[in-house]
Structure formats: C-alpha cells, structure tokens
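Note that subunit A is present in both complexes that follow, paired respectively with subunit B and with subunit C.
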Partner chain A sequence: MQSFKNSKFYGFMILAAMVLFFYALFKILTPSNFGSPANLYSYFQSSIIYSVGGCGLYFIVVMGLFDFAVGANIVLSSIVGVILSEKFGYAGFIIGCIGCGTLIGVIIGMLYNRLNVPSMIVTVGIMLILESVAVFTAGGVKQTLAPELRFFSGAPGNIILAAFAFALMWFILNYTRIGTYCNAIGSNEFTAKNMGIDVKKYKLIGFALLHFFVGIMAILTVSYGTTMTALTGMSTMSRNFQPLMGTFFGVAFRKYGTPISAIVIGEFIIAIIFNGFVALGAPTTIQNVVTGGALLAIVTLTARGGRGSVVK
Partner chain B sequence: MPGKNILEMKGITIQFPGVKALDGVDFSLCEGEIHSLLGENGAGKSTLIKCLTGVNRMDEGKIILDGREIHPTGPGNAIELGISAVFQEINLCPNLSVAENIFVGRQPMKHGQIDWNEINRRAEELMSRFHLDIDVTRPLSYYSTAIQQMTSIARAVDIQAKILILDEPTSSLDENEVQLLFTVMRQLKESGMGIIFITHFLDQIYAVSDRMTILRNGHLVGTYNINELGKVELVTKMVGKDMDVIFSLKRAEVKDGAEIVLKAEHIGDASKINDISLDLRKGELMGFAGLLGSGRTETAEMLFGATKTVRGDIFIDGEKIEIKQPFDAIKARLAFCPEDRKRDGIIGDLSIRENIMLAVQSRKGFMHPMTRQEQEELADKYISILGIVTPDCEKKAGELSGGNQQKVILARWMAANPKVLILDEPTRGIDIGAKAEIQRLMLEMCKDGVSVIFISSELDEIIRCSTRIIIMRDREKVAEVDGSTCTQQDILRIIAEGAA
Partner chain C sequence: MEKGKILLNAEHIDKRFGITHAVNDVSLTVSAGEIRALIGENGSGKSTFCQMLCGIYTIGGGTFTLDGQEVHVKNQVEANKLGVSIIVQEMGTLSGLTVAENIFLGHEDPFMHNGIKDTRAMIKEGQRLLDEYGFSGIRAGSMIDSYNFEDRKLVEIVKATYMKPKILIVDETTTALSQNGRLELYKIMDAVRADGRSVIFISHDLNEILTHCDTISILRDGEYIDTVNAKEIDEDGLKRLMVGREIGSAYYRTDYGKAISPEVVLSVKDVTVPNQIYDVSFELHRGEILGFGGLSECGMHEVGKAVFGASLDRKGTVTLADGTQINDIPTAIHHSIAYASKDRDNESIILNESIRNNIVLPSLDDLAENHILKAGKLNRFAQEFADKMQTKMQGIHQFISDLSGGNKQKVVLARWLGKGSDILVLDSPTRGIDVKVKQAIYALMQELTAQGKSIIMISEEIPELLGMSDRILIMKDGKINGEFMRSESLSEEDLIAKMV
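Coming up: the complex of A and B.
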C-alpha cells in the first residue's frame, strides 16, 4: 500500500491548503476588493486558459525539454483561426487554431530531431520566425473575433473546452503509451532507448501534443480577449511563462499522481496571488517579484530533490 | 542436458581507435545451457555482448542465431530477435513503477488502451517467482538496488527471449538473493533458454554453469566444460599469470605509536546509522565488513560529508572539524571513491586527464589553475603508475573498462595526496587481476602513510588487507576485530549473531 505521504489525497491536501492560505492572506489584507465568489469564479476562468497550455507543456517538460515558441504559436494560431472563422465560422476557427498549432508542433519536433540541437535553441529560432509569420498573416492588422463566434469567451463554453482538454490529457497520460514513455525518456533517455522506446518519435509526439494544446489555448485566449495583434521582437516571450508555472506545479506533484489537478489548481493559485496584488494596488514590479518568489517557494517546498541529488 | 546450438559467433573482430577490442573471437551457446563468459576487465566480454545486442558493430565475423545469420542493429532489435540482456548497472527508469519498468515498450493493450490490470497482475506474478511480495505500482526508486536488479531480470525473463545475457547480475545481491536468482536461472535453463552469465565470482561460476569461455586481451583463450578446469587453472588462464604472484600481498601494518589521523565520535543519523565511533591511525587499512544495508556506505558518506551527519564529532589530526559537504572533507585531505562508480565517481564524458585532475584542482582552488602541460604530466604519471589501459590521457573515461575506470577514480584521489582515503567497494565488478592490482595499490598507499578505509562485500579481501576490521550490522557497529587473527567464519558469526 502507498504511504499516506505519497498518496493522491495528500497531494490534494497540500494544493487545497495552498489555495486556502493565499485566499485567506489576501482576504485579510484587502477584504473588500478581493475574493468574493464572483471574483473567484473570474480568477478561475482566466486561469484555466493557462492550465490548458500548462497541460501541453507537461509532455515535453517531463522529457527534460523546453519550448519558447508557445507564446508565438498562440498568437499565430489565434490569427489563423480568426481569419478562417470569417469564411468557415466555428469550424474554421477551431480547425484553424488547433490545426495551425499542431502543425507547428510537428515542425518543431521534426526540426529538433533533425538538427540535434537543444530544444531551447530550436524553439527560440522558431519563435522569431513565427512572430514574423504572424505579422505577415495578419497583414499588420489587429484580428478581431466576430461577436457571433464567442461561445468560448466565457462559461460554459470555455469551461467545456478546457474540461475536454484536461480529460484528453488525463486519458493520454493514463491510458496510452505516451505518458509512460515521456516519463521514461525524462528519467534516462539512453535507458529508454535500450528498452525499445523510439525516443525521437515520442519527442516529436510530445511537441505535437504540446502545440495541439496550445491550439486549444489559442481558441480560449482569443475568445476571452476577442482580439489578437501580431507583434515582433520577442514580445510573445512573456506568454510562455504563465502556462509554464502550471507545468511546474504538475511536475512537482507528479509524485502524488496528480499532475493535471496540480496544473489546474496551481494556475488558480497563481491567479489568486496575482489578483490579490492587483486588489492591494501593488505596483506591477512588486507583483512580479512576489509572484515569482511564491512560485519558487512552492516548487522548492514540494519538488526539491533530497540532499546530494543532482538537479538540472 | 544442453540441446542444439542456438547461437554461434564466428571470428568476431572489433577495432576501436587505438585498440583491437576483439580479435577473431568465437563463441557458441546451446539451448538450455548456462555458459559463463570470463576474463579480466578489458578482456572483451562486454564488447562481445555489446556486439550481440547491436550496441557495437563488428568489423569482421558473423553471428548465427538459430541457423540464420543476424545483424543486430541495437538493443531494441536484439530484443526482437530474442536476445535479452541485464546489465550490472541497472538500466531502468526509477521514476516509473516496477510494473511499468517490466512492461515499458511492450505494454499489453485492451481496446486501444493500456491494460493496467493485466500489467500489474503479470508484474506481481513475475516478482513472486523471485519470492518478492512487493507493491509493483510503486516507483522503482522506492526499492533497494537488489529489488531493482530483480526487476531488471524479471523484465528480461518476461520477454521470453531465446538468449538471456546476465552481465554481473549478482554484484548488488546478497547471498539469499543470489541463490534465488540461481533457482530462476535453472528454471529458465530447463525451459530451453540459453543463458550467457558474466560474473567475477568464481564460486558462482561453478555453482550454475555448464560451460565457460575465457577471453584475454580481446583473444579467445578457450571454451571448457565446467568440470574440465579447476579454479586455479581458470584464474591462471584469465589473467595469464601465476596466481601466487598476484596474491603475494601483505596486510597493512601500523607502526607502533602511529598517531590517530581520523577520529569519529558517536556520529549518526537515526535514519541511516545509529552511533558509530572509530579511530584510524596513520598508514592503517581499516576494513568495513557487513551485509548490504548494514550501514557501511552510509558511514563512509557521513565521514566524507556526502550525507548529513546529525550528531557526533569528527576529528582530523586531533582537531575537530565540521564536514558539511564533500568540499570540507577534501579540504581536510579526505578522499572518497564511491560505491557506484558510474553514477557518483567517474564522469564519463570527460577525458581521463580531466577526471584525474578534478580533485587536485578542487584542492588547489580556482585561483591556482593548472596548465595543460601540468595536467597531462600528472595524468600520464598516474596512467603509468596504475597501469590504466588507454591509448592516451585524452580518451573519454566512460569508454574505459570497469577496472580501468576504478583506477582513474583512484588516480584522482592519489593525485590529491589524501591523508585518509575511503574506498567503497572499489573491486566490485572487476576481474581478479584488477582486484589484486587495486589491493596492491591500497597497501602501497598505506606504506606511504595514507590511512585507508576499505569497504567490501568480499570478506577474503577484507581479511587479506585490513589491519583492523569494523563489523556492521543493522546500521550499527557491532564489533571491531584484528585483521591478522580473525577468519571469515568469525566475521560471519558476528554478522549473524550481532556481537563480538
């Protein structure tokens, strides 16, 4: 039998305790501006967008890879989806976002395998290319999603789509070879290869899956914000980090067998902290410092290796 | 009785840069046979196995499996051909469950989904063949090295290979587990599987093998039925020298009134070791005897600062020092060769030169870098002193044989001029010639005034070399005996009964 300290229940308890702690902290500090049920619902709705991207990133982060092109792909896929939605309605919007996202994932995976250079370098290069492609595709114009195509902008549409993404992630992780193989590759690539796993194939699948989820995130992002503007000069870089924070929670709580819940609740915790500072009226710089510090503290407390363990 | 030939390797030649690893070697294996493959480190055993599993490509020769010529392209392809291998270094994923590790790469599927019930049920069945009643859904990292090794073997067994290669499978197993493994090997043999067994334990060879093939320096010495060769003849053929020369080693003697170099008083950490006190004199070789998990390694790690010491004091030359991390120990001129040389000792991607100068540079400090010429001179000196087999000092340490890797680690610490050298299983998994060589080097260091702590699972070498022997059991020091007067039986009795 698993010990209590390694059980799913224990993992949930830690996550719930963190939610309660940060909620209580900001509620005490700013009782009138923060934490009404309506506020919490709003935080949750914004956090699930990042959770979807966090789920996608999980596949490659557990393999020891990284992807800086997530933000650029969100922008490009959103733009492609919006443009196609003008002709084909919802079908064009959904297929445009997810299809473009997944295709870029496949291209990144193939390039990574072919070039044999670190994923960080490949994806930074791709990010710069995608930003320019997005500007060309949008024709330098802000792309606005038609009002009649905004089912995913709020509940229940956004929750249904996000729930579909989480369920898909859960199925892939638990009932297909992909979840196990990603973990095996992350553990020791050489060993995984010797166990008969086609490492390159599963890395390609990992990137394709990541960007499939990025496609879903693009649907939610552009629906929530209703517009998308293509920008160059690495301005999409900041979009990489919020989903990644959720992934860190997922990786940290993998040992409890609750990565998806950890990603979703982790993003919710980040949203609480962020909105808590907004409610306090703290300057953005202070918000970033404290959010970053909180993330470091949480991941350190939950995921740090034992004394002497090698952390890369 | 063994059946027809299932494997024939003919005229296998493999050339590495500057070294002919195998030179026209022949090897054959029959159905239902346990065939030991023997030789010193660097003899070519691993290269031959890597050739069979497709890791190394042969330059000449052919491999015939079941009458058909094969060209294995890699470990995955070898498994498809019916050749399964278990290596000394555990090649599994510690973050996956035991069951996942057994079936990864070939999970049973049901309706397009992984059939977890089937995986867990079959994994439990397999482990119960080894009399291991464990929770197979737990991560592999949760279990001991021995169970991890058994998992590795269970995986190989379940693949239902025609040929099973066991490369030093017993090096991390205790006696009961070894007997259990032998029972399984005999069962597999009865079922018609051909087993290639590589080990450095002579008794184990004679306990299970039908035939043995001996390699030396990449050449075939011969293939013999097990009752054809006695142990002495076997070792003589393996090393190409007379055994008496190798074992003319004299125990480390301590001069009267030799000062205490290292003293530990009541050190411990409740979860690892209880309460250890010891004093080590200049030029002394102190042996640590005990079963797996008795606390020998943990004590060594504590002395070196690799794990935290919760209580107790450590003194070097009478002065109390605080060892919080290995750097503190190195500064105090302590050196430690860890048990798992691949994981904790050697840095495979660095050259021999770089590996040797790591500790020296660490002691000298960042502000006193060694020139390239100084590094090369130092590396060449120790390559020569220790007889490391390599074309030059720039060869990657990971490409050396196990014995030579061990010598590189030893060279690293010898070059750092330690006062106290702690060697944890330095002779594990290396051949008898290299073992004797390592023991000789330890004893020479003692003569030069270095104090050595020597941990080994092999009692004969502990008794042969040690001035004093500390016997550990259940994370406690249970006795301290004189190396010159005690016998293996004495030590075994103390380990069993827990008192001197």
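Coming up: the complex of A and C.
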C-alpha cells in the first residue's frame, strides 16, 4: 500500500506549511509593510506568470533536458505579439505570442534532434540568435501594448489565462501519452526507445510544448509590464531562472503526484520571500542571495534523495 | 495453437559488434507448446539472439519466421504486437511512472479515445491483471518507485505476459526473484506451454533448466552446438556441451578437514544497521572462506556492505587485526579490503568506462609517480590483471559495457587482485555467470586463500556455500541464526533448516 508520506495530501501539506512559514516569518519581521490580503493577491498575480513558464519547462526538465532560450523567446514572442496586435487586435496579440513561441520551440527541438548535441549548447546558441532577431524585429524601438489590449494585465484576465495553462498541463500530463512518455524518457531513454517510444519525436514535442507555454507567458509578461525592449548580450538569461525555480518544485514534488500545484505554490513561495525582503528594505543583492538560499533549502528539505542515493 | 507445430524458425541468424562475432549463423526451431532452454557460457550469444528476436538489436543477417510469417522487428512494442515478449535480467520497469503506466507502456491504444487517455480505465485494467496473477499487494495506481526490485520484477512479468505472447522469452530473470517469485514465474511458464504457446528460457542454473524445460539448445562462442531433450541429459552432459570439454568434479573444493588458522584478520562486533541487520558478530580468520547464506531479505548482503564501511547509520565495530577500525570505504580500501557487490552493473563497475579504467581505479595512488599517471604504466597494469583473469575482451580499452556478465565479474576481480587486497568480500560472486567462469572464480578463490588471503563469500546458492566455504553463517531476519563448519556430511537441509 502507498504510504501516507507518498500521498498527494502529504505533498500539499508540505507546500502549505512552507507558505505559512514564510508568510509568518515576514509578517513578524515587518508587520506593516508585508502580507495584507491585497499584498498577497498581488504576489500571487506576479507569481502565476512564472508558474506558466515553469509548467512548460517541466516537460523538458523531466526528460533531463534544459533550455536557456526561454527568456529570449519571451522577449521575441512579446515583441511579435505586440507588433501583430497593432493590426489584428487581440487575435494578432495572442496568435503572435503563442505562434511565435511555439514555432521557436519546434525549431529548437528540430535542431536539437538534428545536431545531436546537448540541449544546453543548442539553446545557448538559439538564445543569442533570438536576441538579435528581437532587436531587428523591434527596429530598436521599445514596443508598447496598446491600452485597449491589456485584458491580461490584471485580474481576472491574467488569472483566467494562467488557469487555462495549468489546466492544459494537467490534462496533458494525465490524459495524453505525452506526460507518460516524457517521464519514461527521463527515467531510461534506452528502455523507452525499446518500448517503441519515438524518443526524438517526444523531445521535439517537449520543446514545442515548453515554448507554447512560453508564448502564454509572453502574453502575461508584456501585459503586466505593458512594454517590451529587445536587448542583446545574453541579457535575457536572467528571465530563464524564475520559471525554472518553479519547475524544480514541480520535479521535486512529482513523487507526491502534485507537480502542477508544486510549481504554482512554489512560485508563490518565492514571490513571498522576494517581496518579504523588499518589504524589509533589503538591497537587491541580499534579496537574490537569500532567495537563492531559500530555494536551495526548500528543495533540499523536500526533494533530497535518501542517504546514500546518487544525485546528479 | 497446435502443439508440436513449428512456431519459430530462425535461419542463419548473425550479429557482429565490431570485431566480435556475437551470433554466428545460428539456425534453430522452437515448437508450439514447449519450454526451450537456451544455454551457453557468458558471451555465447544467447541474449543477443533473443534481443534480435524482440527488436532490441537489429538483425545482422538471417531471418526469423514466426508462426509461418517472416518478421523484421524494429522494437519491443512491435515484437509484442507480433507475439514475442521478453522479461530481462535487470530492472525492466521505468521510474516516474505508475504501475499501470509501466504495464501498458507502448500499448496505450485501448485506453486512448481521440488522443485522450482514460487513466481510470488503465488503472482498473492494470489492477485486474495484477489481481488475476495473484499480485494484489501491488496497486496499479501507485508510483512504481514505491515498490522494491522483486515487486517491480513481478510487474514486469505481468507486462510481458498479459497479452498472451506466442513466444515468451525469460532472460536470466530467476536470479532476481525469491523462491516465491520463482514459483510464480514457473507457473506462468507452465501455463504458456499448456496453452500451446512457447517459452525461451535463459538461465545458468542447470538444475533449474533440467527441472522446468522440455528441450535445451546450446550455444558456444556465438555458434549453435546442439538441441537436446531435457529428459535425456544430465548436468555434466550439458556442461560438456557448453564448454566443449569435461568440467567434471573439480567444480567445487574437494578438501575437507582443513584446520582454520587461529589468526583473526577481521573482527565484527555487534554490528547493527537499522532495518537490515542486528547485533551481528563474527571473526574472519587468515586463509578462510567464510560463507554467508540465507533467504534473499535476511540481511546477508548488508553484512558485506557493513564490513566494507558502506552501510549508512551502522553501529558496532569492524576491526582489523592491527586494531584499525573500518568505518568508511576509503579506510577499507586503504587497509586492503575489497568488495564486489551483487548488483554488479550499478555498484561494482563503471559501465561507461573502459576495462583499463575499471581495473586501475582503486590503484591510481599506487601507480602514480609524483602524482603523475603514465598511460603506459596504467595499460601494463590493467593488461596484466585482465590477462590473469583470462578476460575475454578485444583489448583493455574496450568499454566494459560490451562485456558479458561473467567477463564483467572477471574485471571486478582483476581490479582487486591488482590492488593486492588481503580481505575480499564477494557478494554473489557467480551470479549470472556460466560454469566455465564459475570454475575459474572458484579456482581463484582457492589460490587466494592458499596465499593467506581471506574471503567473505555471500551467496544465495546453497551448493556454492557447501562447496566452497570453510565455515558457513546462516542469517535469518537480520541476525546470525546458525554456524556450520565445512564437512562432507553437511547437507542442504541442514542449512535450509536455519534459513526458514
């Protein structure tokens, strides 16, 4: 029989306990600046943007792959979406962001399969290319989303879109072959191949799905910030990590059968910690150090392998 | 299916891996309603032959005709669809999936409706199958990771057989199963035969083969030798066919009454590893082979790890004659203790490395000159000990993953011979190994003890314990439950009585 410690309920309990712990910690440290219901709602709204990207990354991270081009694709897809929205309104905006995002995912997947080199190397190369393409596409001009197209900039638009993304991921993981096959490939690619799984095809699907979610993230990102500027010199790199932190939570809580909740709540926890430090007035450097440290602590406490187990 | 009808016709099957001719023009037939054993030394081509039949390897040459139809299988799922399935020796289930997902991996179609998977129906069907096989303790909806190796093997048996394959291949599976698990597997094999289908059974346990198989095909060095009726041959006859010469009575030790040296080289006192072993105490003497036996979960394998300093949360002491306490692996190796794990591929060798690097690994400090390692010296060292163990290889730079189980074990032993270890902890030293290599390993053990080295031999094979040990400790429920001295009158029943 499955033990209580492996149950979904136990996974939820740990996540809830972490939320309460960090909330209580900052509420005690800075009661007036942190943690009002309005504040929490605001933290949640900012965190769901990263959660959507975290959901996408889950498909490839679980297969043992990695993608450094997420940030660059957010920028490029946002710019494409904003440019198309000027002619086609919401349709252009949504199709531009998601279509561009997904197309880039397909290209990355195809290149990865064709070149047969590690995903990290392929995606670093793609990141550099995408950054330059974004600059050319934007014509060196900051792209601003028209005020009448900002339904997704706040509630309920952003929550509806994010909820759609989470539901879609839940459906894919539980009710299609993709979820099963991604896990199988991550577990043992050779055996998966012998089971008739077209490993290359599902890696391509993994990248395409990741960047479909990145497209959704681009909609939420540019709606939230209203503008997007194309930058070069690997400046999009920093955008990779916040969604990835949520993915780490998802992978860590996979054993409880709650990866999506873990991604969403995990990003919320990171938002609490980050905003807690803002409320404390800590400098950005310190905030980053503590946020990184908190992530390591959380993942160590929750996802650490048993003693003696091999961790790579 | 009509019994006696030819179900599988393999004609001129051939396969090369580089310069190794793994399967050389093998032709044989398997009839409906028979259990056919496929035997041979390690590296004789048995597994490669079967893996071509089920699409794990591509066919190098020749044809398989299954039930009258020529087949060219690309992968296991295609093989399954054509009516061939396989249960492998090592772990064949995938982590991160549920039990049901593992059972139906690659066969999800009955549960797919317009691209949507009916997860509930899949779990329900998986559970129905598990219940039908008598494995109700395994829950189809649970993650496979929450089950132990043997339970996962049972899931694999369900996966390989639920679709009623025309040919079921059982490749060295029984060594991974307890007695109960083996009985379940034998029942399934009997049912396949009774149903007019066929089993190809690969094992190194000749007694098991003679008991459970109808016919036996022998391969040697990739070539087909003969097919014999199990009722018309004995173990010695099979050994002769496998090896090409008499193996005879020199298989185990023949000496009795040898006095054990009073000199204690290792003392284990009150060793406890939570949930594994409790208050285990014993002494190992100079030149002694100390056998450890018991049922698979009795804790004997943990004793080996505890002595080598590899156990977690170990209490009690492991002390050498000079008073050195062994609490970790580096100390153990530094003080001349060697350990060969039962789980060879995961714990004893580095699969993605060359034979040379596997051999020199613990000896690098000794081989370095002013902290500099010279390739020539490493090569000579590895070659010397690989040759000493008569390892069948293309060269020391060949990857160890290319070798058969028996030759991998030879590399493990070559490593510790090279290190010059005085105390060897050998856990299941002949697991999955053919008679010829077995004989070589037994001879080596005797040679080592004659040199004054001491061996702790952990074994699930009672004849091996009786045949090789100076003294036998039987474990039950994590504790030592009996001690026997080497004697001609000691019987399997004496040991079993202390195991159960």
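Rule of thumb we're sticking to: the second predicted complex is superposed on the first by the 311 of 312 C-alpha atoms of A that agree within 3 Å, B and C clash if a C-alpha of one lies under 4 Å from a C-alpha of the other, contacts with A are read in each partner's own complex, and residues count from 1 in each chain.
Just so it is clear, a contact is a pair of C-beta atoms (placed from the backbone, for glycine too) under 8 Å apart; a residue touches a chain by one contact, two chains touch by 3 or more.
Here the structure is a predicted model, which is why all the values come from computation and not from measurement.
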item: Superposed partners subunit B and subunit C on subunit A - clash or fit; value: clash
item: Which of subunit B and subunit C A:Gly281 touches, first, second, both or neither; value: neither
item: Touching partner for A:Tyr175 - first (subunit B), second (subunit C), both, neither; value: both
item: Touching partner for A:Ala184 - first (subunit B), second (subunit C), both, neither; value: both
item: Partner chain(s) touched by A:Ile197 [first = subunit B, second = subunit C, both, neither]; value: both
item: Subunit B versus subunit C as contact partner of A:Gly233, first or second or both or neither; value: neither
item: Interface residues of subunit A shared between complexes with subunit B and subunit C; value: 1-2, 174-177, 180, 183-184, 186-188, 191-197, 255, 307-308
item: Residue numbers on subunit A that touch subunit C, as the complex places them; value: 1-3, 6, 62, 174-177, 180, 183-184, 186-188, 191-197, 254-255, 257, 307-308
item: Interface residues, subunit B side, partner subunit A - complex; value: 74-76, 79, 91-96, 100, 104-107, 113-114, 135, 137-139, 306-308
item: Subunit A to subunit B touching residues, read off their complex; value: 1-2, 174-177, 180-181, 183-184, 186-188, 191-197, 255, 307-308
item: Subunit C - residues contacting subunit A, complex; value: 55-56, 75-78, 92, 94-97, 101, 105-106, 108, 112, 115-119, 137, 139, 142-143, 145-146, 312-313
